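Chain naming follows the written order as A, B, C and D, and within any one chain the residues start at number 1.
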Amino acid sequence: MGSLSLQNIGRNFGKNKGVFDVNFEVENGEFFVILGPSGCGKTTTLRIIAGLETADTGHMFLDDREITNFPPRMRNIAMVFQNYALYPFMTVKQNIQFPLKIMKMSKADQDAKAEEVAKMLGIDDLMERKPGEISGGQRQRVALGRALVREPALFLMDEPLSNLDAKLRTQMRVELKRLQREFNTTTVYVTHDQVEATTLADRACIMNGGRVVQLEGPLELYNSPADTFVATFVGDPPMNMIPAKVKAANNEVMLEVLGQLIPLKNFTIEEGQEREVKLGVRPEDTLVGDQGIEANLAVIQNVGKSVYEYFKVGDLTIVKQDTKNSGLVIGQNCYLFPDPAKLMLFDEASGKLIYKGGKMVKNAPTTA
Amino acid sequence: MSNSKKDASKEAKSRLLPKHGNVFWLKGFAVVAVTALFILGGFVVLFSHPQGSGPLSTSVPATSSNSVTITVWGSGSPGGEQHVFNSTLAYFEAQYPNITVQDSPAINVASTNFASAAHAGNAPDVYRDTSDNAGALYASGSVLNLSSYLNQSFVNSFTTGTIKDWTLNGALYGVPVNTNGVGLYYNMKLVKTPPKTVYQMLQDAANVTKNTTSTTNTSVWGMPYGLGTNYGYRAAAWFPAFGGQIFNSQEVPVLNSSQDTSAVSFLYNLTYVKNVSPKGLTSMAQEQQLFETNRSAFIIDGPWDQSLYTSYLGSNLNVTALPYDNATGHYPAPIWGSIGYFITSPQASGITSSQIWASLKFIQFETNLTAQKNLFTKAGDFPSLKAAGAFAANQTASDPLAAGWIAQEAHTQIQPNFPQMNFYWSNFHTYVGNLYDNGTHNVSSVMQAFQNAVVSQINQETATPAAPVNWTLYGGIIAAVVIVAGVGAFFYTSRKKKN
Amino acid sequence: MTERAMPIKNNNRRIDFKSLLWILPVLIVLAFLDFYPILEGIYFSLTDFNQFHFFNYGFVGFANYSYIFGSPELRTVIANTLVWSVGSTVVMVPAGFMLALIMNQKNLRGKYIYRSLYLFPWAFPAFLTILVWSNMLAYNGGVVNDLLGLVGISSIAWLTSPTYAMFSIIFVNFWLSFPYYTFVYTSAVQSIPNELYEAAEMDGYGSLRTLTRVTLPLLKRQVAFITIFGFIFTWNNFYVPFLLTGGGPGISTQILITYSYLEAFSYSNYALGAAYAIISILILLVFVIVTNHYTKMMSILY
Amino acid sequence: MENKYSKKEKVQRREEVDVFRMNNYYKNIRTLKKIASHLVLILFALFAVFPIYYVVITSLNSIGSLSASSLADLLPNTKMTLVNYSQIIFQHPFFIWLRNTLILTVASTFIGVMLSITSGLAMSRLNVPAKRMLLYMLLILSLFPFTMMVIPFYFMFSNFHLLNTYLGLIIPYSAGAVIYSTYLIKNYVDGLPTSYEEAAQMDGLSKAGALFRILVPMARPVIVFAAVLAFMGPYTDYALAGQFISSPSLYTLAIGMYYVSQGSITMNYGTYAAFSVLMGIPIFILFFVFQKYLVSGFSLSMYK
């Protein structure tokens, strides 16, 4: 339907707030997710795309048409708001027909269109009710219907599921994905929930402090986070981050973590040098063994399909995830070590990923 | 949709340049713009002061064949006077078809409205008011001096008292239509013979008073008199009874004199010493209600309420002159005032010479013998024309009420019609009203404060030197103050925003 | 219908000059119907515009002000104004608040009926009801004294004795204004989510503690705003003293605004009347600035 | 008795009794609280209603004067009559006054509310230059007493030849409504989420279109409330109308009432009361019908 391209988009609210130099392309028919914590600029980016905010700098193209300074109504973009923003004084039907009414579509066409969309969303029996009289999930569908009915070039969603309860949210996620496939609408979706991002997105970008930190498929975000921020933001429970040191001595490169030395392969470092790093290990890559970091089991969380075990090492808490219980009891000491093939190292100063999967990352910052 | 897409792309091409960031200096500009708007408002001050039309050409046409419209305010109190006014007006318009009269009934043309209108140059051409109000307005320059327009024989046809009432500094500023004052009404059911002296009056009042405090409805009072309710009009009658007056011959107030003090003491004692008047009277209406319902023997009031009292008391109503004081031998002399018509000055109303001609015709018509006879018979107004007075005396030779009024007319004072009189009315209400406070004020200190207030207010109004306004200077000062205040307010508010 | 949420702060701080067109009526009203009369009033107060200098008045500087500050009435009038405004405010504002709290209780029946009945004083034109009260409070035949007579209290000169006159006008003003404050506070109190009250109840708070720990802290700026503007409105409330007592007896119920009217229209001293009005405005201005400094009540405006 | 139970049993028993007592105690407290609340509310209701009852009952009595009335007249009785009402309606041009009043009030309410919707929306949603200063000014203007305004107003309107015209009163009345209503509407709209008008913009409306077509219906409570207040002002105004109107054909009800009650030789108390009732009833109905908006119209919510 439409492809979107953002070039150097920036919007400064002062005091380091706003968005800065945002660049990305959204392919035709793609489900694109902007992910980030609150205040990271993801909603501002979405609103700039919608035209509700105007960018200070940069250019924006929809289907190769520059729309940077267009008012929202000229952009052919639809949006679903977090609170759905259903007009409370109109019935469901009037709400859905509203964009068509503004387009001056004939009454018969309006009715037919609205009927069609309502059927598809399963809300055709609610048409004469007011938004105040229907449930949250139904409102969600009406809001979707209002956005879908005019077949926009681009579909924006601002945390549309955050007002629903957990069960409904899962259900609607599936529904959303289905609808997006069915309509084949290019969609930009903003959320702070990384589960939504991983389940829905064709591609996702992570924003922090008003900048795009990483832009990749959802699995890549999980498997090769660009920096400590992405690493800790994506994944639940978050990746364990442990301060460590890489030492090169006696022709051997060793990782010194909490007093333990772990041999490192393929790490580029000069003999006799040291480098401060952060060791990142996913909970499922944390292993229990005969030797390693001495830890004390504090909490066990069994959620059925997997077991989370929280260990204390000094002030640090390390999480381990497995499909079954490790057999330890609370208060018992044991030894933890990272899966050497899966461990990641991040630069202490910049936080960038420098080492992953047993080798150095390309273009990793090299300064000590 | 495809149409709007096309439009949109056109618009995009013309606006490819990105917008700039926050432009904070624009805020300052906005402040200046808004301030400028307000200064604009300020400058309306400079131009909105109505300027009266230029000096009037002294020649007034003897007749005018062109059609003229005059505006008239204050055509009389509703009821009898209104009725007479309307019929006289109908005659007048029949007689002078080229003169159109636009009139407003008396109710809504209070002198405050007249003052605003006169100042705005928007006053009516003819106004009807009491001689003292008109005198103050004449002093302010809102009223035309009629001396040169009216011939002596016309003036001589009025009683000397009323003409004197309408003369200030040798200028006749209006034509009287009636003459009135207060007298003493009494209820013959309660008092058989009218009192001749104050002592007798108090005696009668004391005999009648039957104060039963349990329920107010059964109380009967000898002489209800609300001291603070009457703005000094009725009280003025009693000053001469004790040898006092409001203003001396130099037009200086002498309210703190021992005579005036004893007059007010006398009125005060009616309530607090003689106990013949109830406490807490707030309006004249309350006195009237007591009198109407046979619950008081006396009321001091004017002939304008006579028909009202007759409707309640019938043949029991009678009126007599206020009784004289045994100690001093003086009679009380009510202010024997007059209502009349006057013509406004060109400065106040923009009146033209042909309108003056029409207005003169109009006020002569409204005050002529026929009108005054009608006013006497239909509204009980005492005439100001000598001829009408004779007619009235003839008509009422057998009427005991008229006899009472004629007796009262023998003991009157001319209403002081200079502007200073204005201060007497409200200050009376303010200061003598203090005597409500049962016994905590003494009368002489109240009268002293009354005197001081009137004197200082007269001084304040007359003594301040008037200089022509330097508009450039003061307009500039006002503009500067507004700018400083506006900018200051802006910075004050924007400073807080950062917190 | 009226869904309430945290207002989203409009971060878009760009000045929008086209918006001046939207508020053009307000600007014109401000400029011509407010600023112009105010400037003219200031100007009048610096002249000798009175019945002696009606057309030929001129600039006299601060002569009117120095006359006022030298006059013995000023202190009494300002004291009266303070008694009147403070006295009215301290009864009507808490009463409105109290009624709002009582009516906001859960499971209280007949709220709608009570609220309808409270509409009466508010919904009838004030200048009518003030005159009704003046008749009810009349010394002779007034229904209030008649009713007091039933319980053996002798008649009181409500409006004509300096002891009771101020009390009476405050009382009538209370009758006139408590419904307004009840409605304002009902709206403010209803904006507090019920969960907060329930949480307070679970924490073992009694009614008093709920009031002082939950309701008042949440509404403190609203309360300050309503109170302070109630005070200002009362300060400028002309009709009640003017129609009930006319400032009397003496000047015992004369407040700044009625005194200004008296000077301007009874004594035809328009300049002095304007000067009294300006003095009143200056006092209020200082009052607003000082109270706003401490309560930040103006912040509920934006 | 005393030794029948062991000490432990005794304590247990006492606790049982206490729990029972406590339950009763709390129940009583609740009832008492309810009774006290109703008592206070009823007292205030009586206080609020009594003067109105008094004026209604007086208007139905044929007592000419106040001092002739007694407490017995306060109860419905056989002497009741509608003569006061018929006097007002048939002996005076009551319907002309009513027409004038309605023309003035409806026109100025309409103009005032329309203009204040625009400016209220702008003050809330657009970036008006020096917005805060304007807001302060709007409020600080309420500090100015009307006595100061009367003469300048008169001069200005005289200059524009607006005295004695409908327009001359409609302008200041709607101006007065604009100031207060702008502030009310602004405050209310501030409490509405911006997403509604943003959604409308996404649906194809311009910013102005979105504000008017979406926010105006949503702000209906405050608009109705502002309209009621805007209606109330001109309806009851005497000060300004008394200054500006001198022609009897333009009298409003307030002036007419003054005319009837002061104009007859002495104030007829029953006539006055009847006029009060006639004048008060429309306003009261207005307030009663829109009662729910009176509460929701104020927007002093805690979030502000």
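Quick note on the criterion: a contact is a pair of C-beta atoms (placed from the backbone, for glycine too) under 8 Å apart; a residue touches a chain by one contact, two chains touch by 3 or more.
Remember, it's a predicted structure, so these values are computed and weren't measured experimentally.
*Asks:* Through how few touching steps can chain C be joined to chain D?
*Replies:* 1
*Asks:* As a test of understanding: of all chains, whose mean C-alpha position lies farthest from that of chain D?
*Replies:* Most remote chain from chain D, centroid-wise, comes out as A.
*Asks:* Would you mind telling me which chain pair, B-D or B-C, is linked by more contacting C-beta pairs?
*Replies:* Most contacts of the two pairs: B-C.
*Asks:* Distance-wise, how many Å sit between the C-alpha centres of chain B and chain D, to the nearest whole number?
*Replies:* That gives a centre separation of 35 Å.
*Asks:* Where the centres are mean C-alpha positions, what is the separation of chain B from chain C, in Å?
*Replies:* From the centre of chain B to the centre of chain C is 31 Å.
*Asks:* Could you state the distance in Å from the CA-based centre of chain A to that of chain B?
*Replies:* About 83 Å separates the centre of chain A from that of chain B.
*Asks:* Quick check: how many Å separate the C-alpha centres of chain A and chain C?
*Replies:* Roughly 55 Å separates the two chain centres.
*Asks:* Using the touch definition from the top, which residues of chain B touch two or more other chains?
*Replies:* 22, 26-27, 30, 33-34, 44, 48, 112, 119, 215-217, 286, 289-290
*Asks:* Could you say which residues in chain D touch two or more other chains, in rising order?
*Replies:* As it turns out, chain D has residues touching two or more other chains at 66-68, 70, 129, 132, 134, 136-137, 151, 155-156, 193, 195, 218.
*Asks:* Where does chain C touch two or more other chains at once, residue-wise?
*Replies:* Each of 1, 3, 5, 12-15, 17, 20, 30, 32, 34, 36, 40, 138, 140-141, 146 in chain C touches at least two other chains.
*Asks:* In the complex formed with chain A, which residues of chain D make contact?
*Replies:* Counting only chain D, the residues touching chain A are 193, 195-196, 198-207, 214, 217-218, 220.
*Asks:* Can you tell me which positions in chain B touch chain C when the two form their complex?
*Replies:* 22-23, 26-27, 30, 33-34, 37-38, 40-42, 44-45, 48, 52, 112, 115, 118-119, 136-137, 139-142, 213-217, 228, 278-282, 286, 289-290, 347-348, 419, 422-423, 425-426, 429-431, 433-434, 436-438, 456-457, 460-462, 464-470, 474, 478, 482
*Asks:* Residue numbers of chain D touching chain C in their complex, please.
*Replies:* Contacts found on chain D: 33-34, 37-38, 40-41, 44-45, 47-49, 51-52, 54-55, 66-71, 74, 115-116, 118-119, 121-123, 125-129, 131-132, 134-149, 151-153, 155-156, 171-172, 175, 178-179, 182-183, 187, 190-195, 218, 221, 232, 235-236, 238, 254, 257, 269, 272-273, 276, 279-280, 283-284, 286-288, 291, 294-304.
*Asks:* Write out the stretch or stretches of chain D touching chain B in their complex.
*Replies:* Spelled out, the residues of chain D in touch with chain B are 64-68, 70, 129-130, 132-134, 136-137, 150-151, 154-156, 158-159, 163, 242-243, 245-248, 251, 255, 258-259, 262-267.
*Asks:* Give the list of chain C residues in touch with chain B in this complex.
*Replies:* 13-15, 17, 20, 27, 30-32, 34-36, 39-40, 42-43, 46-48, 50-60, 63-64, 67, 71, 134, 138-141, 145-146, 149, 154-155, 157-163, 246-252, 254, 262, 265-269, 272
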